[in-house]
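First the structure, which I've put down as structure tokens, then a few questions once you've had a look.
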Amino acid sequence: MESNENRHLNILLFSGDYDKCLAAFILANGAREKGMTVTIFCAFWGLLILRDPERLSLEDKGTYEKMFASFTPAEAEKLPLSKMNMAGIGKGMLLNMMDEKDTPHLRDFLEGARKKEVRFCACKLSLEIMGFKTEELLPDIEVIDVYAYLEDAAQADIQLFI
Amino acid sequence: MESNENRHLNILLFSGDYDKCLAAFILANGAREKGMTVTIFCAFWGLLILRDPERLSLEDKGTYEKMFASFTPAEAEKLPLSKMNMAGIGKGMLLNMMDEKDTPHLRDFLEGARKKEVRFCACKLSLEIMGFKTEELLPDIEVIDVYAYLEDAAQADIQLFI
Amino acid sequence: MESNENRHLNILLFSGDYDKCLAAFILANGAREKGMTVTIFCAFWGLLILRDPERLSLEDKGTYEKMFASFTPAEAEKLPLSKMNMAGIGKGMLLNMMDEKDTPHLRDFLEGARKKEVRFCACKLSLEIMGFKTEELLPDIEVIDVYAYLEDAAQADIQLFI
């Protein structure tokens, strides 16, 4: 079995669903633990995990941008489930099941990923459309365009769209 | 940094959501602008972006096929959002935010991708199940089977399921 | 055109939607027919396709686990559509359209994939969170962790997150 060192995982995180983001971070953290390089490129709803709840601002925003900023979840832990209604299972139930097994929450996996030096990138175009400013994001997020994403993804051993 | 020329992006477009299709086309157009080869294999709901609203036909269709053809969006621009209800944000709001930044609509990205010679393929089995005929699709769409998709994807540098 | 032999398809099946699982199995079966190696790593909702309706058990389960086990679909064929409400199309309608073209159901594709020796793996962490036991799954499912998934995926020619 070949070593995972020098290997590279690239995730395009499009989703803003709690469960899908959880999957992305479990993969990212696992890959880092095995020495892989990991890039997470957050686009569209995936940007929502990068917002810093203490740095939100409504200044210099247009009407739609203000509405959007106000009504979307202000941080990762508040994201909804992709299957909210499946079998009547709510997010609270999933979190309870996770707590019973001492599984960390999304917030913890996100923190872990940042400590483990996962490279977090925000999609420039998505930021512009949604009206989020770099100052509203968590510290040390790179803003890159689609060309830079493609360059990174093409060199990766695993590319996933989540 | 290696050149993107001779690189190859393969997208399996399963989704018929406006926002996910937008992501697929932004990637496809960006890749073409950097000289990459791009294949988009449209299957299931992804077929809906390939319909030509001026070539729809109910002839020679069974009852279910007629219902399906009538009730599904007749062109890319009419697709719904994947998160219609998230935070009360409707498609109209997203389009307004895009318009404020002069971001092209899905229709424009689709047209751009066709001009830039993205290779568009329709999944043979999906066409059969949904009862769409090749004559109802945009011109110059190749109809290929899952084996041909796998062949193309296995040779690509980036494969994404969107 | 290069042969597909010795090629490798790796699918991370996160979704528990009928249509998305159908897509995953059509790809998996097609790849096996061309001699490719195929791994399907079932995580989160994707675990639902691995449950054996004749081996369900509520023994040794906590309250949430019991609720979860009881309210989720007990087998692949009972999974819901990802687009249940799109254009009012229900799963029954899709199945009718498939039947008219003699397209096999998800249950048949799953059986086919197992006969064709697709390697089915269940995500260890997801099993724990959801409270499913190995004895409740179809026979011959390997339980692996995220590191083993990454090892397999990094060596594959095609990796998809479905």
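Points to keep in mind about this one:
Letters A, B and C mark the chains in the order given here, with residues in each chain numbered from 1 onward.
We adopt the following convention: a contact is a pair of C-beta atoms (placed from the backbone, for glycine too) under 8 Å apart; a residue touches a chain by one contact, two chains touch by 3 or more.
Quick caveat, the model's predicted, so the values are computed rather than measured.
For the copy pair chain B and chain C, the superposing rotation over Cα atoms measures out at 120 degrees to the nearest 5. Residues touching across the chain A and chain C pair largely diverge in numbering: under half of the numbers involved belong to both copies. Annotation: 25 Å between the Cα-based centres of chain A and chain C. Within chain B, contacts with two or more other chains are made by residues 159-161.
Interface residues of chain A facing chain C in the complex, by the touch rule stated above, are 1-2, 4, 7, 9, 19-20, 23, 26-27, 30-31, 33-34, 36, 83, 86-89, 93-94, 96-98, 100-101, 103, 157-162.
Partner chain A is touched in their complex by these residues of chain C: 12, 14, 16, 43-45, 62, 64-65, 67-68, 71-73, 80, 125, 128-131, 145-147, 149-151, 153-155, 159-161.
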